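The following pair of complexes shares a single chain, subunit A, combined with subunit B in the former and subunit C in the latter.
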Partner chain A sequence: MYMKLIQRIVNFRLYRNFATVISAPKKSKWDSVVGLEIHAQIASNSKLFSGAAINFGAPPNVCVSDFDAALPGTLPVLNEQCVTSGIQVALALACTIHEVSMFDRKHYFYADLPAGYQITQQRAPLASNGKLGFYVDVPGAKKPYQKASKLHQLQLEQDSGKSLHDPYEKRSLIDLNRAGVPLMELVFEPDLTNGEEAAALVKELILILLALDACSCRMDKGALRVDANISINKPGEPLGVRTEVKNIGSVRGVANAVDYEIKRQIDIKERGGQIQNETRSWDAITNKTVAMRDKEVLQDYRFMPEPNLPPLRLNVADDQTSALINVERLRKTLPELPEQLRNNLVTQYALRLETAIILVNQSGLLQIFIKALEKHPSIPPMKVANFLINHKISDANLVDLIAMLNNGTINYYLSTLLLQEMFDNPSENPKDIAHKKDLLQIMDPVAVEAICKDVLGKNGDIVRKSDVKLSAPIFTHFNSMAVTKLGSTTAVLVKKFSPGNASR
Partner chain B sequence: MAKSIPSTIEKLLHKYKIRELDPCDVTNHCIDVVSRQKKLNAIIRLTPEIARSKSKESSERFRNGEVIKKLDGVPIAIKDNFCVKGEPTSCASRMLENFCPTYDATVYARLMAHGAVLIGKTNLDEFAMGSGTVDSIFGHTRNCYNENGGYISGGSSGGSAVAVASGSCFAGIGSDTGGSVRNPASYCGVVGFKPTYGLVSRHGLIPLVNSMDTPSILTRTIDDCVTVLNAIAGPDNKDSTTINRPFVDISVPNGDEISLKNVKVGIPREYHCEGLSKESLETWMKIADLLEENGAQVVDVSLPNTASSIFVYTILNQCEVASNMARYDGIEFGHRSHDEDSSTEQLYARTRQEGFNSVVKNRILSGNYYLLRRNYQTYFEKALKVRRLISNDFQNVFFRNERVSVLLTPTTLTDAPKLEEFVKRNNRDQCALQDFCTQPANMAGVPAISIPIKLSSNGLPLSVQLMGPSLSEQSLLTVAKWIENTVNFRPV
Partner chain C sequence: MFRTANIREIIRCFRLKTVSGTTVTTTLQPNKSFCSCKSKDSTKKPLDFSELKFVSKVPSSPHVSPINLVKVDRIKIDEDTIQLLERLSLVNLDSKEAINTLEDSIEFASKILHIDTTNVEPLYTVLEYQNLYLRKDIVNEGNCSEAILSNAKVTEEGYFVAPPGNIPFQQTESIEKRKENRDD
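Entry: the complex of A and B
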């Protein structure tokens, strides 16, 4: 009896201990591994291998040269400006720039790939072995932490055209304006662990690309495309099967897509399932990754050296007599990069690193900061910075405010009140503030009528004095009193609530 | 040609200058010749409008005593794989039967800039894949020698070779990837010259094998060949593989003024191979003796990798073909099947099935096989390595070991085969045999020329080939001129 009881207790304890161990640090049960492949459209006047102009607003098939349409007999001619851009970015990412790089053909049939192959740099890329350092700001954490991802390689390649499928007419339309637009592909090592890190890497890369004028970085326009390779594994075990997530249209989307995918994979594994090696698409509306239908057939791209382009040679030894692109000269003329900028802010203005990060990361802040200190050098820089940061309304919140104004949730009068509240609570969403502070426009006619009656009732003397008809000035006065409470759009309602009828 | 019309460009220009002849009349005469010799099937499409307007412009220049251009009023014909704006350019394939380029090939543009008159586009094997000018949607081209004997013209530039040989024009442009210009030149008794790779722009030449294709020249004489070369050679910013240094016009002395004193001629023993006919061997040896007797030093040399060359050539050829042909999907240009609308893939498949002949399809299939990830190293990469060895063979005899200035070989193993004999073999075997002596020069990128020597017992031309180091056009053409002057081959 006793023995059994003791045994039970022991079992219970063992069980308890065991349970505590696995449930407490539940997070560490799975390691997640994330690597990014980023395609950046190189800001250039003409295409990578042809003289066709690049104009994203142009009507379909206007920016297309004979070469872009793969007309037989046409040959590629490398755009030097794209090479220069590629080298600058590679230098900013501390890459080894290769004296000789080469172009390859990657074959696959697709209607918007007119030649049947893409010219890329598979075997001998422009640059490799780089590194990108960045700060990861975890919501809720006190301080951002430092992180770095190795850059496997940076290569130049052509973009494809665009297909439009019309299932009803059973036809596909092809626009070749984008065919041959220069891309630099940045292949990062799988050095990241979650969505925030991935988003932070992208954010830092965007700052660098913008500083170098190498890319517009408009993710919404496809100018910067982030593909994430994600897998999970148990600590100490080999890497798991990975999935690739495409079609991520914003920096926030990167964080959400990666975290969603990690969670999805964990759920599958926890339920005993298997991860499929597949390409998934990020749906920003449903906040989910979904399997892409095609491209699942194992492709053999039949890579082959591009015979129409001689090897790309660069002057890496700063040879003054060489006619090739001088890499060292480009290194010397690199503009100030975000990392230097942050360090300079810290040393020059005695700012805290977190402050410097925000000033550099949020567009426009740094310019105001510099301007303010130029004009009033006596103000302590920290004060300027803190004011800017604390009174900075995020783009997203500002857009929400405008949307609320547009759909009638608030009116102009209320929007100014709400804006002031937003300055005081920059982290809060305007909808939440409006609810909390009762700044929403009243839309219900019954409520409007009640208010109008209330206004009239409180001013009974004036109403009576003016007899049956309200004079215009008096009406305006009442109206504005009501509107103050209701908003301009409700003025219509007040008029319907005819003064003549209301007077009695 | 009619008696009053000279046979060389130099003499023609002289007659224009002294107003004894007019470019319009000569052009009309050439077009007449084409019509009369329709059964040769050398020119598949006349270009009467261009011919008329260009000859008229030229005629006016001569009348006004303007500065005369290198090829002013000279009728020429171009292989139908060079793009001419607004003129159908078919590659003798159903795939491009309706293709009308929107731009001019650099070679064509330069010829026009030098006053040449295009009279027509010439026949070829589909996409230049062949060595007989027999695999064309327009039918085969006949050799103009022993016309009723049913001999092939050789190929794939057989149309241009026959056009020149038959007096339809003064110069023909072809493309030489493995011998496609030298081979028909050899069979048709004309000069066929493949310049150094990169000396002449490929822009506008519809590719067969990009790393070997060389726009090449067919003429009746070495002097004419030099004149055409001077018009078309030199860097082109539309072709990144052209040699980026200014081209200096080549000038070759008169035959009598040429000394062979410092010429060292290599006879590569590997070219004495199986299948070489007695007559071809005799012709080769006769020229070697002639050169030696006249002061040249003639030495026996070895190009040890010659025998592997044709196999490596075949692999590289098919790989590039597979890649180059990927663009023919019926979407942007060319043939599109009307029978298929179930899916884009079905459309591609149907279009390509209808558009290509079996030779093209075979090469696409094997090329893609060699390029598969699992085969790349075994075939393509290894072929590239052997190609390097073959190229090194040439470097060795030219610059290291014997230091010869030219190599003398047969161009083809025999005189022109009969069509019925030729078509007994499949395309691959035809090419392996026909290109044996010619394709090594393409593998190495060096210049090579075929020079007609004499007629065989069948009344067909026999020729020899000279090869020289890259950019040795000047000395190569000088030795060729000496041979031409000495053997005094008289075309029919």
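Entry: the complex of A and C
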């Protein structure tokens, strides 16, 4: 009976932990198709077409040039650094880099788009036809599996300004600091099937962008934005109607948003409903996608060639006499990419591929690994790697621990105990460990009072001896007894029973 | 910052430009404005081109392009298309004159449709044989929020103030009523 209950609790835990895996339609009657569009803010000093600075925290409208405010008579002048960064990323993703690319205007009316159009590359992008290979590490599975997504195209484009909506005053406040900030948009083919794969793609892309210094990849600051196109269909049937999920602010959010949306679409279809072709927004707090009301039903962007920018030409044939950007020279000076790095670790240090993947993918580990081996070359690399991997607490788990400390689920003393447990079980979430090991602070004052009364009742003579005043040493004595009663790990102090209040 | 009214104003100007584009072609067949010019300057001696030091590239006599001789059927735009255009351009096409101007523009542009462009690469810019000039990644503009904001009528704590969100173009009147207005 009890065993069954425990089994059920464990199952529930597993289900919750690996929810993204279970909802992945492995055995489902439905195939899910996922394609990503990723906007990466190019790490440059100045904007794509103007000499205004890029400064995330600047006061509003300070990083704005006349061109960014779309003043009549101003003209765009392309930033060389942005082109170079774009080419480097395209090379890292094995793209065909086009000798000639062009810019287009994409029109729409919005208050934070002063020109009424965005300059982008629609007809002739900088690069196309690439491929990104990555490893998908499914929690619970032994080995990560390999996956690849084709890159349809890579284009340079401007960002828009920012609107702060003020519903009470019925107005929007516009900050143009972000208007004209350089972005590279990476449009991937719908080659993925679930949230874990989508998250793994984003992770690998982040590693590449960081290695190339092309983007800060701070998703929390909007430097990397992921939009996911999702549809479902029965095996053998044509693709279903797709929805687009925007506003995904973290790598975990990518996995959750995609899996949520797949599940939502399956639910609708199973109930005989129809999927609407719409843009939905990911709400990270409720873990749901919600329809965006702001967007118009069907947009006609009225693309047209940008008449103010002649074609962008590159030197793709390694012509030494050319003054254009030399693509082959950039290819030769490309830094070591994560894929090479992992392969090198496997061959140079005889590490297992799984170990190499974790070392490269988790920020900071590789540096410690290399430093350790530099200082003590006699230690077998496998030992160093294993230690680092098994004793590394993930950022997410650490953040959860701090959050638990903050909201009072645990206290400071418990947090150190929990931290030790986390070192032993690095894959487990601190909340689950705390539940399992009974490391939660007792929050119910009635329960605490009952224990305290019990201790006081059992020690009537001491209470009587101490007369009216409960001295501090005796209080400590009672307190520790209460603690013992509660179990050695749970230290509880309730104000009500502190010496000052418990004088009677 | 750009109130819808302002945007409408801008587009109205743009439309006037297209209208003047139409008149340019008609000036080739002398029209009123041309005549009035002549009558004003009739006391002066007309300019003798042969006396000019440099030969002007401007033709001395009106030239009629064969394109202008092409007759095209005037296209009637249905109500749905008008509404779509209104939404896309944020322009109110609620008067008969506005519709006329629109149909004029379409007629003007339609004249090139019969030209055979098979195997002709489209020309997007006359500068297409030039290479795009690339700027070094240096910050040399900005920091002029006061000047930038002075272009706007309403500002608040360094922000431009705009109407909330994306206001779709509202068609307030019924189609029938609008038609009546137009036919008046």
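As a working rule, the second predicted complex is superposed on the first by the 390 of 504 C-alpha atoms of A that agree within 3 Å, B and C clash if a C-alpha of one lies under 4 Å from a C-alpha of the other, contacts with A are read in each partner's own complex, and residues count from 1 in each chain.
Simple rule for what comes next: contacts are C-beta pairs under 8 Å (C-beta built on N, C-alpha and C of every residue); 3 or more make two chains touch, one makes a residue touch a chain.
A quick note: this is a predicted structure, and the numbers were derived from the prediction, not measured.
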item	value
Side-by-side fit of subunit B and subunit C on subunit A, or clash	clash
Contacts of A:Ile87 with subunit B and subunit C, given as first, second, both or neither	neither
Partner chain in contact with A:Ala52 - subunit B first, subunit C second, else both or neither	second
Touched partner set for A:Ala115, first subunit B, second subunit C, both or neither	first
Which superposed partner A:Pro310 touches (first subunit B, second subunit C, both, neither)	both
Dominant contact partner of subunit A by residue count, subunit C or subunit B	C
First, second, both or neither for A:Leu78, with subunit B first and subunit C second	both
Which superposed partner A:Arg105 touches (first subunit B, second subunit C, both, neither)	first
Touched partner set for A:Cys217, first subunit B, second subunit C, both or neither	neither
Touched partner set for A:Ile357, first subunit B, second subunit C, both or neither	neither
Shared contact residues on subunit A - subunit B and subunit C	66, 69, 71, 77-78, 109, 111, 114, 116, 170, 172, 174, 176, 300, 302, 307, 309-310
Subunit C - residues contacting subunit A, complex	1-2, 7, 84, 87-88, 90, 124-125, 127-128, 130-145, 148-149, 151, 156-166, 168
Contact set on subunit B toward subunit A in their complex	82-83, 89, 91, 96, 99, 101-103, 105, 202-207, 209-211, 237-241, 319-320, 322-323, 325-327, 329, 331-333, 341, 344-345, 348, 368, 371-373, 376, 380
Subunit A residues touching subunit C - in the complex, by the definition given at the top	44-46, 50-53, 59-69, 71, 77-83, 102, 109-112, 114, 116, 163-167, 170-176, 294-296, 300, 302, 305, 307, 309-313, 324-325
Residues on subunit A engaged by subunit B in the complex (per definition of touch)	66, 69-78, 105, 107, 109, 111, 114-117, 170, 172, 174, 176, 300-304, 307-310
